[in-house]
Structure formats: structure tokens, C-alpha cells
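In order of appearance the chains are A, B, C and D, and numbering begins at 1 in each one.
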């Protein structure tokens, strides 16, 4: 087998051969190799994570018309390593009233909930951890563990700010999970499968063109799930300070921080996989798996960049606005989109491809337009109400 | 003893240990977290039974929603956690005896059943359990009615819960 | 291979543990925790009967799903009740909620 | 859409309109009448499509449009209902659809749509007018809109539904259903202004009187069903069935089964079509709004009675060999002829413009019944249709006149003046030209003005039939009735329109709005032209022009054996021309200068009081039944006998009850069983109370314990 067409398989076979050659049991060797593979993936992700810190800082600097890190190394590239060293040598404090086991478990779970996501990410046509037949649901399941880690961190810190911050964050995560899971069903319907790899293979036309509204809603829900601006209410300088991770310092804080960054990047990746064809790009993925991985990473980066773009340009909103936005607008809209998609999919099942694409696209555009019109009229009414009150107040003076 | 059996035993031990901690932990938050680990063990059990969908749903529903809800509820009633007082009532010994009796009775009944030590048959080739489950849930010949009734029940329960917990001022 | 009996015994044990929690815990929320354990024990049974019976008959898994729905409903209503009681009586200890006697 | 399906759909829009208006749009007048008129228009369209498809069909008589469905299981067989359009049905459907649509349209104007609400109008009373102030500050009294406007259209819709059902039915049962729906609607509509005692009484009278006929009709239907096992026209009117019925004797008056059934059904018609002796309700029914009079009492409902007899014609003539009438036919002919002359005499002496028309209607219906009685099937159908057109026209015209007069009354403010009394009118031709000309056309058609009007052709055909079949008595009486008809018609026209206005109100009468005049014009068109479809083949000059008697040819094919057209004869033709022209001329000259009722020579009491029939019925039926109910049943039976018996039982039962109470109930039941068991329950409860701790977990433990014990025992004792 040619190494370049499937390097991982070749390497794994080679390693297994060596292990069995040492007289090891075949099953044990297989498990060991798989374990090594997972380790490799995690290492790569961690390295990527370090790189992401630099990307984030550099990008935010450009958004804010600054230069960003530029002292350590060329373009400040070595800056993250300096940060890590700083985090490592910082004193690792634990509050006196903290629940020690839970307190220490929380950052690990937080990081793990992100890393576990990569088990189902297809990196290249032949490279994936497991091709789970419920891969799409797995994303939500891992998110549940993330929510658990946050509530654990908030509770165990024995700090009111941390607890309130954790509560808020979890409330948002649980709420926005609903539109998100609903929008995950849209690619499932279109592809007719919950295998991640299958969804990619079926995307001869990117699903963003079939279901643009679903892609947008998924992105909004993902940003809320990540707890990033404009939905970053877990932290607030004047009210909660840093939120659930207020008592954490040193590398434990670093794990939360790195976990968040990697999480954002991962969701960029999922966005790319579910709506932008994953590793596919005009057949280039067939040339070499390396190329496929690069395509996926570039697409994920673009998604990540959009998340950052939103974060640094949109104002944050209050928690009541956010929850109202979710329950009164996004969730009903998500259900409507799901219904419309399922209906159109059934109606256009026998139609020619161009009609299918056009019908799907138009249905989404129309649904979105109607939703916006409804939202606009509601907003107008509310504004009139508020302004009316103000006017009567002014008149009474 | 095969690898699968080892994994099962570890999982079962983990699940039952966590379950015991759930009912004995003094700190209610700990009890809820132990519940999470017990439920996680159950999810692994489902995975061992090749029921992937059920396993993932177990994590999504139980850990993602129910456990979180429990923790919220514990914290909302925090004044009354009373870690100092006894966590079990006076009749704990009769409860323990009854639980043991129930287990003994169940075990006794089960070992007398013919299919007790059945082994699993292999899946038919090309069998798609998730697809079959989806078909069964929405097929009029199968379970669409119970499924819809369950969703209506869930909706009614959620509305009722909101109404109950709503702070009427 | 794992025989069916292992799963059934696991489920029975989990059920008994949950039952113990329901019978003896003083805190109402802890009682609900016990109920969750019992429901999960039932689900293990349902899924294992699916796996060890005719796998093409999906009744076991379907019922497991319905148990999920029922459990979610039970938790939502149960916890709402507990919170509501807590607001009025300022306690969640089951023994102290004994208004319904003679 | 197939014609059969379309026929099913014809009755549907009006009933939908009824429910829509009653349930939803009652508050909006504009919406209600839009729905009502729209529904009438939809039915009209469907009916016209069906009609034109029917006349385009070659052999409609042999193969009518028909479809039917199983409706009610009756034991092992089904009662089938269905629709049927044969030539007769098509012809009737044509005029029914047109007149119903016209009357709906007319009602919009008649109830003053668009006018302001009245100053002190009440529901259940006619509108009294509203005061408006124009831009110059002058106050005017103008007509006000009917307060129950929407309800009127709802009732009209239901009525139209009943009529369409009756026309399209292929069996007696659904026909009877339509018949009864119309009976109900006529009650509702006559009593529409239920605030007026006279309207209330008239509604009850109409309902009760027609009910007498309906009961007999139901008896006839039941008899027919038991004799033949079917109610479908097409199954009854087969030769074998009819022969069997005609040859089955019954014990009643020597009639055959066919004859008895025909008589029973005919009694229903007597009630519905207001034939003597059940004619008394129709003149009183003029209390209702005028569109109602036109709809119920001219165009549709009373025609339905005649239509029923025409439908049942094969039954009526079963056993008739063309020579010598059968007994049932004699009865029919006698009643028709007598009613025709009898009602015409009463009409001579009436002063109310609508009552004249009412008696005229009764008289004309008598013509049709008489025609059926002598076997002139086609002539009866022909006269039915032409009469529906010109009588609806006359009624609507009279409504227009009354409306115009009310305008004058509102202007002068003198509410004592009766706007319906013809002696208060005069000279209205200049005030209301459209009404005048259309009314004149209708009146001439009614009189049978030769050659141009529809009434001439149809009436002439009846007379010709009577002559041809040698029924000279019928012929003579009908000719006299026709003369009287022309006479009172001209009297009416002269008093109303000609001469000079006799009152201030008549001077200020006003032409009515377009919604009222349009139906007049449309109907007057048919009042003239419809006669031309039935010109006899042998008629001099005109006969060869039209080539054949189209109507006779078309409708005649409804019957299995096409009836022969009467031979042409100069005697009946000249008779009808002479009586029509003579009556008209005599009427004009007799009333040219009459100014007040006192000068009217014909106001003799016996005619004025309608031959005292109301008084007779009052004495014969109303008084005795009042006596029976008030004195005999109430005083003697109820209070005397039944109460007496009860007064004996009361104390006796009381005594027995007291004894049981004292010696059995109190000591045994109360003390021992009652108190004893209560004490026992109380004692047990007191001692078991500590178990009820109110603690859920203790309950659980207890119940689980019991479950385990019982379950274990059951398992080991029963299974092991």
C-alpha cells in the first residue's frame, strides 16, 4: 500500500507488526496502537491549541487596530509558549472552602469534553477516530459533559461569583442546545445518515446552499454554546469578574482557557463538516489525505475566524434578552426550519437536482424572511410601547 | 474471560459503586455527581449492548439535562441541605432489608427463568439499528402512537413544571 | 460473550440500590435521584432484552426511548414540586412534609 | 363536473349560507347579504348549467339525469336517496332558480339596506324610519334598515335549500324533507316581525293549517312505502307497480290503493297550496315581509304543492283509461275548480293590495289543480311555471308599491294611513313608472291578455284541455273564474295606478331603488316571453311559425306515455279571449271613478268576510278544542278526577310511610345498621389512625412489604 495514500493505516500496520514481532498478543497490540493513535491526535490538537492562542490574539489585535504579540519570536509566534511557561510556574491555589475533588476534576472534564469531540471528526476520507452511527448526536453529548464541568467548577469554588457565573453559563448552554440539536437534524435529513463521514460524502453540493438558514442558526447556537461574545455573560468585569473560573489559577485556568479556544475551533470544524463539505474541495481530497486534512483545517479556521469576527464586533447582550432571544425566536425558528426542510425534502424527493436545490434554498430564504419580518414587527410594537410611555411621561412634566 | 467481559465487569462495578454513593453520600451535590457517573456507567453498558443511539441519548438526556436539573434544584433549595443532620430516616434498616429482599427475590425469580443465561446472536448483515429504530418510532405500523403520546406527555409535564415552579407574585 | 444474566443481575442490583435510596433518604431530591437509578435499571433490562431477543424487533429500544421521555417529565414535574414545596414550607425533608395524615 | 354531481350540489350553497350567517356573520349586514345573494347566485348558476344540459339532451324523458346513494339501512334493504332531473324537474328548476335569485336581490332593497338604523326600531317589528339631518340642517324622515336584516337572509337561504331539495329529489322522502323545511321557514318568515300579534297569529295559523295536510301526506308516504317497499319515483312509476297499486282494493270508500295514496298525498297539497278547505292560512300570511309573500306564497312553496301532485300524476291517473274520471281525479278536479271560482269571488271585495293577490294565487292554483284533475298534465305544469313568474312579479310589484307608499307615509308623518289599502293610492303610475309598467305586464299576464302574455297561453291550454275532454262543467266554471280574475286584476290596477292620487301620501310616493326594480324587469320579461314556448301547433298563424309546441314536447316526455295535445278548437280560444278582454274592460269602467270603499258596489259582507270561513272554522274547531282543553280536560278530568284520586293516595301513603318509619326504619335501620356500623367504623378508624403518618416513605415501605409477602405467598403456594 502506498504510504502517501493512507499514511495512518500504513503506520499503524507497521507498528502492529513490530509489536507482534516482539511477541505481544495481537489484540493487545491493536489496542495499544489505537491508544497511541489517540495520543497522537491529542498531542497534535494541543499543539494546534497553542497556535490558536496566538491566532486569537493576533486577530483581535487587528480588529482593534493594534499589532498584537510581536515581541517574542517572529510575529510574536513564540508568545504562547512564553504564556504557557508563565502559567505553569504560577502558584496553583485552591480555596479553603473548595470541594477539592470536584474542583480539580472540573478543568480536566472541560478539556476532555472538547477533545472527545475529535473522536468523531473525519479528518480525511479514510482518517477518523470512530465512524459512529450516531456521530451527530455525539456532539451534543460531549457538550453536555462540558456543561457539567462548568457547573462543577462554579459550585466547587465556594465562591458566589463563580457559582452565579456557572449557573448563567449552564442555563445558556442548556437553552441553546435545543436549536443546535434541531439544526443538527437538518444535515441528517439531507444526508439521510448520522455518520459524520457519510454527511461529508453526500455533500456534492454544500449543505449551506441547501439550508443556509440552518447554517446560520447552527452558528448562532454554537457561539452561545461556547459562551463567547455576544453571549459571554458568564464573565462580566463589573458584576461577576471572571465567572465560573474565577478561583482557578495556573495551569488549571490554562486548561479552561485552552479548552475554550479549542472548542471554538472545533465548532468551526463542525460547521465546515456539516455545511461546507468538510475535507472535500473539488476532488482535491482524493489526491492525498494530507491535503484533505489541510482543507478541513483551513475551513475550520475560516469558521473560527467568523466566530472571532462576531465576538469582537458585536455588542454583548443581557441574559434575559439572550434567553428571550433563544426561547421566543431561535427555538421556534429552528423548529420551523426543521419542518420546512423535512417537508421540502419529502416533496422534492423525486424532483430533478436543480429543482431540489432551488426549492430548498428558496424555502429557507422565505422562512428566514418571514421570521425576520415577525421579529421586526414585534420589536416595533415594543419600541412604540416604550416610546409611548416616555412620551406620556414627558407630557406629564 | 474475554476482554468484553472484563470491560463489562469494570463498568458494572463502577455503576453499582456510583449508585451506592448516590444513595449514601451526605452532600447532595456529590450525590448528584455520583448519579452522573452511575448514569455514565449505564451509557457504557448500552454501548456494550450495541445500542449506540440509546447510549448517546442517555448522555444527552441524563447527563446533559436531568443531572444538571438536579444540581440546579439542589442549589435552589440550598438552605436545607443540612449536611450536619442524618441523611437517612429512622426506618433506614427496614428500607435496607426490603431492598435486599427485592434484590434476592428478583435474582431468585430470574435464575429460575429459562432464558436466563442466553447469549446474544450476531446482527444480521447490513442491519442498521439506528435506521430501524427511527423507522419503528414513526411508522404507523409500529410505535408512532406511543411515541406521539410520549411527546405530548413530555410537553404537558414541562408546561406543568413551569407553572408549578413559577414564582407567583 | 456476556450472557444475558449478567445484565439482568446488574439491573436488579441497580434497581435495589435505587429502591433503597427512595425508601431511606430524607431529602426529597435525593429520593428523586433514587427514582432515576430505578428507571435506568429498567432501561438496562429493556435494551438487553432487545439485544438478546430478536434484534429486528425494535420494541425494546423504543420503550427505552419512551422511558427517557417519562423520566424527563418525571424529573421536571418532581423538581418543580420540590421547589414549590420548598417555597411554601421552607423544607425539602420528606418526613417533615406530613400534612396529609389523619 | 358531471351533471349528476352538479345536481347534488345545487341545494348546498343556500344551506351553507344559512349556517354561515347564523353562526358567524350575523353582526355584519353587508357580509350577510353578500353571502346570501352569492349563495343564491351559485345555485342559480348550477341550476342553469343543469337546465341547459337538460334541454340539450335528446331523450331526457327516457334517460333522465339521476344518481342515488344508500342512506338508511332498513333491515336488509337500504333506503336510497338521490337526485333526479327529468324534463319536468328541469322546467321547474329553471323558474325556481330565477325567482329565488330575484327575490334575494329584491330583499336587499326591500329591507332598506344602506339606510341608517331606525330611531326606535325594535327587533321583531317592521322598521319605522329614521330621522336624518342633511347639510342644510333640515330634518328628514327616511326609511330605516331592518333590524334583523341578517336573520332574514339566513331564513331565505334555508328556505331556498328546502325548495331546491324538493325539486331535485328523486324520492318522496327527501322531497318531504324539503317540503317540511319550507313549512318551518314559512312559519319563521311569516312570523318574522314577531312583535306584531297579527304576524304571530298568522305564523301559527299557517303552520297549523299546513300541518293538517302534512300529516295526511306522511300517512300517504307511509302507505306507499308499505305497499311498494320503495319511495323512489322512478321505481314507483313503472307500469307493473302502478297496475298493482291500481288493482289493489282498500276498504276505504271503495278506492284502490293508488287512489287512496293519491288522495292522501293530495291532502298535503291542499294544505301546502292553500286549496279549499285549507286555504285560510294564505291570506293571513300576507303579514310577513313582501319578499316572503312572493317567495312562499307565489313562486315556490305553494307551487311545491302543485309540483307534488304533478310528480304524483302517474299515481293519480293509475287506472284511468281516458274516458270517465276515476274517483280520485274527480275529487281533485272538484276541489281545484271550486277553489278557483271561490277564491276569485273573495278577491273581488278585498281592499288590501296584497290580499287581492293572495286570493288570486289561491284561485290560480285551483286552475292548476283542476287541470290535473281532468288529466291535463302538461297544461298544469305550464300554468305552474308561467304563474310563478307573473305572480312573483305581481307580489314584488305590490311590495314596491307599498314601499313607495311607506315613503309617502314617512314624508307626511301620518302613520294612521295604511300603505297597503288600495283606496289610499291612485295615480301612482307617474310616481313609480317602472313599477307601474311591470305591474301592468304582470296583471295582464294574470288576466290572460291574448297572444302576448304568458298567462294567456297557459290558461288557454287548460281551458282547451277541459273542452276537448268534454268536461263542460269544469270548462264553464274556470271560464267564469278567468273572467273574475281579469276583472279584479283591472280593479286593482285602476285603483292603484290610474286616476289621481287620493291621499297626500300617494302624492309623495317614490320609485324604489334598483335592487327592487331590477327583479321586476327581469320577471316581467319572463312573464311575457315564457308563454311563447308553449304555443299549440295547430294555432292559427302562430302555430306554424313555432313549428311545434316545444313545452308540450319537452315536459310531456316525463311520462312514460306522452299525453296527447288537445285538438285545436275555436270555442275555448274565443272564450278565453272574450273573458280576458271583457273582464279587463269591465274592471276598468267599473272602478274608473270609484273614490272610496263606500262607492264600491262589490263590498258585500259575504265576500268581504271570505264566505265566513274563518268564523266557521273558529266555531267548528277552535272553540271546541278550547272548550275541551280548558273545561273538559283541565277542569273535569285533571282537577276533578285525577287530582281527586291523587288526593286519596297522598294521605294513605303518608300513613303507611309513618308506620314504617316509626316501627321499622328508626329502630332497625337507623339504630342498628346505621349507627352500629358507623360506630364500628369509627372505632376501627381510631385504632388504625397511627399508621397514617403522612410520610410517603413509610407508606412505600409498608406497601412494598405487603407486596413482597403476598407475592411470595402466591408464588410458592400457587406456582410451586
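By definition in this document, contacts are C-beta pairs under 8 Å (C-beta built on N, C-alpha and C of every residue); 3 or more make two chains touch, one makes a residue touch a chain.
No experiment lies behind these values; they were computed from the predicted model shown.
S.K.: Tally the contacting C-beta pairs at the A-B interface and at the B-D interface, and name the larger one.
M.R.: Between the two chain pairs, A-B has more contacting C-beta pairs.
S.K.: Report, in whole Å, the distance between the mean C-alpha point of chain A and the mean C-alpha point of chain B.
M.R.: Here the centre of chain B sits 28 Å away from the centre of chain A.
S.K.: Quick one: report the Å distance separating chain B from chain D, using the average Cα coordinate of each chain.
M.R.: Between these chains, centre-to-centre, one finds 74 Å.
S.K.: How big is the gap, in whole Å, between where the Cα atoms of chain A centre and where those of chain C centre?
M.R.: Between these chains, centre-to-centre, one finds 33 Å.
S.K.: Can you tell me which residues of chain D touch two or more of the remaining chains?
M.R.: Where chain D meets two or more other chains at a single residue, that happens at 695, 697, 701, 704.
S.K.: Can you list every residue of chain C that touches 2 or more other chains, as numbers and ranges?
M.R.: Correct list: 19, 23-24, 94-95.
S.K.: Provide the list of chain B residues touching at least two other chains, using ranges where the numbers run on.
M.R.: Each of 53, 57, 65, 72, 89, 91, 94-95, 98, 102, 129 in chain B touches at least two other chains.
S.K.: Which category does the touching pattern between chains fall into here: line, ring, star, complete, or other?
M.R.: other
S.K.: According to the definition of touch, which chains form touching pairs?
M.R.: Touch list across chains, by label: A-B, B-C, B-D, C-D.
S.K.: Can you check the complex and tell me which residues of chain D touch chain B?
M.R.: Those residues of chain D that touch chain B are 695, 697-698, 701, 704-705, 708, 711-712, 715.
S.K.: What residues of chain B sit close enough to touch chain A in their complex?
M.R.: My answer: residues 3, 27, 29-30, 33, 36, 52-53, 56-57, 59-60, 63-65, 67-68, 71-72, 75, 128-130.
S.K.: Which residues of chain C touch chain D in their complex?
M.R.: Those in contact with chain D are residues 19, 22-24, 31, 94-95, 97-102.
S.K.: Going by the contact rule set out above, which residues of chain C touch chain B in the complex?
M.R.: By the definition above, chain C touches chain B via 1-10, 12-21, 23-27, 29-30, 32-34, 36-37, 40, 43-44, 47-48, 50-52, 55-56, 58-59, 61-62, 64-66, 68-77, 79-84, 86-87, 90-95.
S.K.: Which chain D residues qualify as touching chain C in the complex?
M.R.: Of all residues in chain D, those touching chain C are 689, 692-697, 700-701, 704.
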